[in-house]
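Chain IDs A, B, C, D and E follow the sequence of writing; residue 1 opens each chain.
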Amino acid sequence: MKDKLPPISQLGPFIALIIACAVFGLTTDNFFSSANFSLILQQVMVVGIIGIGQTLIILTAGIDLSCGMVMALGSIVMTKIAQDFGLPAPIAILLGIGVTTLFGLINGLLVTRIKLPPFIVTLGTFNIAFAITQLYSGAQTVTTVPDAMTWLGSTFSLGGTRIAYGTVLMVLLYLVTWFWLRDTASGRHVYAVGNNPEATRLIGIPTDRVLIGVYATAGVFYGIASLLAVARTGVGDPNAGQTENLDAITAVVLGGTSLFGGRGLVLGTLAGTIVVGVLRNGLTLMGVSSVYQVLITGILVIVAVTVDQLSRKGAR
Amino acid sequence: AEPVIGLITKTDTNPFFVKMKEGAEAEAKKLGAKLLSGAGKIDGDNASQVALIENFVAAGAKTILITPADSKAIIPAIKKAQAAGVQVIALDSPTDPASAVDALFATNNYKAGELIGQYAKAALGGKKPVIATLDLFPGHPVGAQRHNGFLQGYGLKSLPATSNELAKPAEVVCMADSYGDRAKGQTGMENCLQKNPGINLVYTINEPAAAGAYNALKAAGKEKDVVIVSVDGGCDGVKDVAAGKIAATSQQYPLQMAAMGVAAGVEFAKTGKKVKSGYTDTGVTLIAAKPVAGVTSADTKVGLDKCWGNK
Amino acid sequence: MSTSNTKLVMQAKGLVKRYGQVTALDGADFELRAGEIMAVIGDNGAGKSSLIKALSGATIPDEGEILLDGKPVQFRTPIEARRAGIECCYQDLAVAPAMTIAENLFLGREMRREGFLGNTLRMLDKKKMLQVAIERMADLKVGIRSMTQAVETLSGGQRQCVAVARAAAFAQHVVILDEPTAALGVKEGNMVLELIRRVRDRGLPVILISHNMPHVFEIADRIHVARLGKRAAVLNPKKISMSDTVAVMTGAMSADQIPADCLA
Amino acid sequence: MKDKLPPISQLGPFIALIIACAVFGLTTDNFFSSANFSLILQQVMVVGIIGIGQTLIILTAGIDLSCGMVMALGSIVMTKIAQDFGLPAPIAILLGIGVTTLFGLINGLLVTRIKLPPFIVTLGTFNIAFAITQLYSGAQTVTTVPDAMTWLGSTFSLGGTRIAYGTVLMVLLYLVTWFWLRDTASGRHVYAVGNNPEATRLIGIPTDRVLIGVYATAGVFYGIASLLAVARTGVGDPNAGQTENLDAITAVVLGGTSLFGGRGLVLGTLAGTIVVGVLRNGLTLMGVSSVYQVLITGILVIVAVTVDQLSRKGAR
Amino acid sequence: MSTSNTKLVMQAKGLVKRYGQVTALDGADFELRAGEIMAVIGDNGAGKSSLIKALSGATIPDEGEILLDGKPVQFRTPIEARRAGIECCYQDLAVAPAMTIAENLFLGREMRREGFLGNTLRMLDKKKMLQVAIERMADLKVGIRSMTQAVETLSGGQRQCVAVARAAAFAQHVVILDEPTAALGVKEGNMVLELIRRVRDRGLPVILISHNMPHVFEIADRIHVARLGKRAAVLNPKKISMSDTVAVMTGAMSADQIPADCLA
């Protein structure tokens, strides 16, 4: 059985990528280099991994505004525990991921048990996670970070290009999630729940358990993103995570996943994430000032989805 | 080729940073350098600043000027850039530790706070202070430095410059976050007046917040009885001082910081000589329409002369 | 009335279900014997769908009792009913429109691959599922070109065939079909009747809701008449005429006017 | 025909309001005063009017992220045109509202003609409006504002309480919109389009025209909000509008309108807006520090919807 | 064949509609005469719904031509068809579930109040609409308690009645009904047939898609048999038998095997 989902916007981000790369390649000297691409991948890895969790949630017709703040809380917890109690890094990391998973679980429980809209639930936990982060860290950046926590930020050489371990982890996680969603029963159930929750319940799938699982899994991904954020910046930053929710949702939508649930591909989110990273990098290299960058990003986002939409119309 | 210099500000909406960028652009044009600029998405956005450092290095910048959003979190990225042979200069705010950058051209926010604190004490002339503070937002170091400096200058119980928490002595009856924004400052002041109509001294994080506070006081008919002090020294702010809306403000000099930074960058590109390391204070001047005894201040003419923004 | 000693597979007593002002079930009783095809008929809004939803765990009745093989059961979700071997095809077609026909058939009972891929990686055996799907749909003789088509691209009747095939193929204990032939063509409708017979021949009792009297009389062993949320009568289609049945259903004839030998 | 929409969360914000008021009344001296309530209404009037537009769009199953930035652009346009060209205030105001309406129209056209998801369209126009605001204003506050533009911020006395004209305008606009949605054909069509767009199209309602109308009308409301923002602060502020989108969406959802469209009441949005304003005011009066304010707001948002949800379960 | 000179109200020639790989309409022809009830029958997936969707502007055919009263028309949206007086009740029930029955009936053709309230404020006359709604539904003898109930709280058959009532009540030129009796009970089904007759008696031609052969033979003036996206034949129900009709429909009998006097 070939996996023929109904057509979704997958072309959009790729077309945008190609156009953007062509323009940047022609107008700047340094854009087309493996080092620069490796850099872009490093810059997007935190949002990229948050985007996996966000994709899962959006596939179930939900949305998660708390993702970035929960990620920030996770990185504060893991660094501060290691710093204050001298716990070994792996334990501290697990505790951090535990906290983010707990937040995911709470989101999931509120969405399923009390049937609250995901938007409002995660808006609430967004605020709560932010406040806890500030209170627990005393609004201070945690600078004493064990080496084991920054290892993922370090690089290895592949054919002369330095590649960060975190980048590899991100790509791996995307592939695993892709396999899961595509080739396992529980993955297909995520689509089913998003596509027609009532039917899925009547068919006899424990929709609540699927949903709770999705939110908790997303929490795990946010925890991994916490670790990557620590690895990338070398500190636990209490002010991180404030804009990652919109960034991640943008990547998901740009990647062709429907906000109404049930349709989409997680690999599209990866493409969407990279598009945004390439834009930011290329425009900076071109010396475009940041206000114009915002303008161009705004226009390009619309153009990318438009081109995609029109191309699909033609194909029908 | 012309030397490339990167400038990273905290945001690109705060007029303070917008002017800093314009100053840097003007200086770069004058000295024949190419300026790349970028900013965090919001104040406190460290991740974007890290990415910008990397992108500027990739773009061939030999000097990067940065107003760090997070004094500690930015350090690893700075170290990486320095390892690639790039000179990094902090503007406006120091890194922690300050020695992490090659040089710092900055203003002392704690000091700026102290000056208006001292002025306020004298202006109140022995009256018991009933204070409202309109701060930035939770967790921001500049917000804490100005706030704590102000209380220190007034001689109230305060916290040291290194603290990121806001001191709250008994004299401070109301604290509200303004996000440095006029509308939110106005809302905060309105609420504070409800809490304690007897407020006679208002500290604000910046002049837009002060303008909002003035609106609120005016609506309550109290604008004559309350002293507003602020920090920044933008032209609109100085005009408000001249108009008597704000009693005093600590003026800072973003254009100067930028110009010095760009000059150092060009110098480094041409000669390979790094700037003199350490802290260069670009200075703070207390601007007040009515000088008070015991506190040195400049009048608003001086302030308007050196202010940034639309004169 | 010789069959009345047959084992009762399912039994419901005094079911009540209220939706705000509306009382959908008003003390409904129900009995299903082993191996029989039990037709449920009644006017629109008589409470037929509400009855079978209560039996299949899709809604929880406000009052009343349900017995399965004589033992009281309480299905709080469709999953529990399904675990007990009860499969239901609902009137408003429980399908996931964006997913393929094969996926819909196997939703919640997917087949895994053999060996490591299946056991450890829990990978689906899409090939096998596709093959079984083709067989099942061939049973119904529905001309659908590709099982990997999304259900939303099917015609109304084709969609119904998917839902019916799913219920019939996997039941272990009881099959419940809510108006399975409503949107079907003559040929496909007959295929479904054929399928229902085959299910009964497997030994499973079938509950069939239908408005199609010829179908009901062709296939049913007994007829449960629902009226105003209650059971009005249980009729024997071998004895009673179609027009009398309709009269009972519409309330033109009351239960005690029916000759005793027509009751079942 | 009594207007019996299916049950929606209308209790939530009111319960939250009552609880919050009770707590604030008991713990502070100055909360319960007509002056304080009049103040709160003034503080929420900008978000309140943006919320009307946002409600319309959400009723059609859309979402508008650009609302706040478009509002900021409107206030810059009207003040700067008046300042630079000395145009009379009414003309400048109309031009400002014209610009915001144009943005609404563009959103609507992209959503209907090219069938782009509203989320991505308005994310794009959010960025575009921001950039244009910054560029046109040169990131400078416009301080020379004609008196006519600030008139709505001034107050009149009613039984000893000073009430702002802008507050009255807000309440009036809510009532008008409520009437429109409830008692006119085009208002009911907004619900129908959100409830089942395909059915509405098949029935023979020009769904595209309804949608474009809704987005453009929302743009008009943003323009009125621009004027109120100018009236309230006395300047044209290029930094305004960055958080109003989340604020407005929160008010809408808190007011019980479904993000899936077709169900909700515009008056709920007013209640939702006021809840947020009351919270901010009361917590400040209580002297709660800002981090804890964030925490409490987060918890209260969830509690409000939970209570509402549970109370409706009981009622069934 | 004496009626063949009657005015053709609607005519379609060589309609083609493709969905990706699937050809739903493959050169279909169609003719509707003034004042007749034209039944359209065919297997599931034969292209019946696709045909009437093309006629009512719900989809735009890839090829082919549609004539209304002999003049070529091109409906790009259902609105244009509706303006031409064509009302259609679709198979997948075009209703807004969250809205009330009365609102659904009047969606897109709301009544306004008299005077200032209606003309200037454009206020709806909800009372009057409610009253008319009650009358229309009473025509169908459906036991629905309150017209201010949301459609989503109705039973399947009740929902269908709402959609049928809407199409029948407001048509000016042609009424198209896609399986209007599929989910209906015996009583309600007969009511709909009655309604269709009354519409015809108003002088309007009706296109009726149905799988219910007894219904079709009871009411139709002519029968259009759709098969594999084409018109297989047009039959005269007064002359041909039900079993022969089914044979044509399923392809067991080809069109040229039919006696000429059975064609219509």
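What we mean here is this: a residue touches a chain if its C-beta (ideal position, glycine included) is under 8 Å from a C-beta of that chain, and two chains touch if they have at least 3 such contacts.
Fair warning: this is a prediction, and the values are worked out from it, not measured in the lab.
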Keeping to the contact definition above, tell me which chains border both chain A and chain E.
C, D
Using the touch definition from the top, what's the fewest steps needed to get from chain B to chain E?
2
Select the chain at the greatest separation from chain C, using centres from the mean of Cα atoms.
B
Farthest chain relative to chain E (centres taken as mean CA coordinates):
B
Quick check: how many Å separate the C-alpha centres of chain C and chain D?
49
Hey, how far is the Cα centre of chain A from the one of chain D, in Å?
30
Just the number, please: Cα centre separation of chain A and chain B in whole Å.
34
Touching two or more other chains - residue numbers and ranges from chain E:
20, 153
Give me the residue numbers in chain B that touch at least two other chains, ranges are fine.
12, 42, 138-139
At least two other chains touched by the same residue of chain D: list those residues.
134, 291, 294
If each chain is a dot and touching chains are joined, what shape do you get: line, ring, star, complete or other?
other
For this structure, enumerate the chain pairs that meet the touch criterion.
A-B, A-C, A-D, B-D, C-E, D-E
Touching chain D in the complex, chain B uses residues 12-15, 18, 42, 135, 137-139, 166, 168, 173-177, 180-183, 186-188, 190-192, 194-195, 197, 208, 211-212, 215, 219, 236, 239, 309-310
Okay, in this complex, where on chain A does chain D touch?
65, 110, 114-117, 119-121, 123-128, 130-132, 134-135, 246, 249-250, 253-254, 258-260, 291-292, 294-295, 297-299, 301-302, 305-306, 309-310
Would you tell me which residues of chain B are touching chain A in their complex?
12, 21, 34-39, 41-42, 44-47, 50-52, 54-56, 58-60, 69-77, 138-140, 144, 164-165
Chain E-facing residues of chain D, complex
1-6, 179, 183-186, 188-189, 191-192, 195-196, 198-206, 262-263
Flag every residue of chain D that touches chain B in the complex, lowest number first.
28, 30-31, 33, 35-36, 39, 42-43, 46, 134, 138-141, 143, 155, 229, 232-235, 237-240, 242, 280-281, 284-285, 287, 289-291, 294
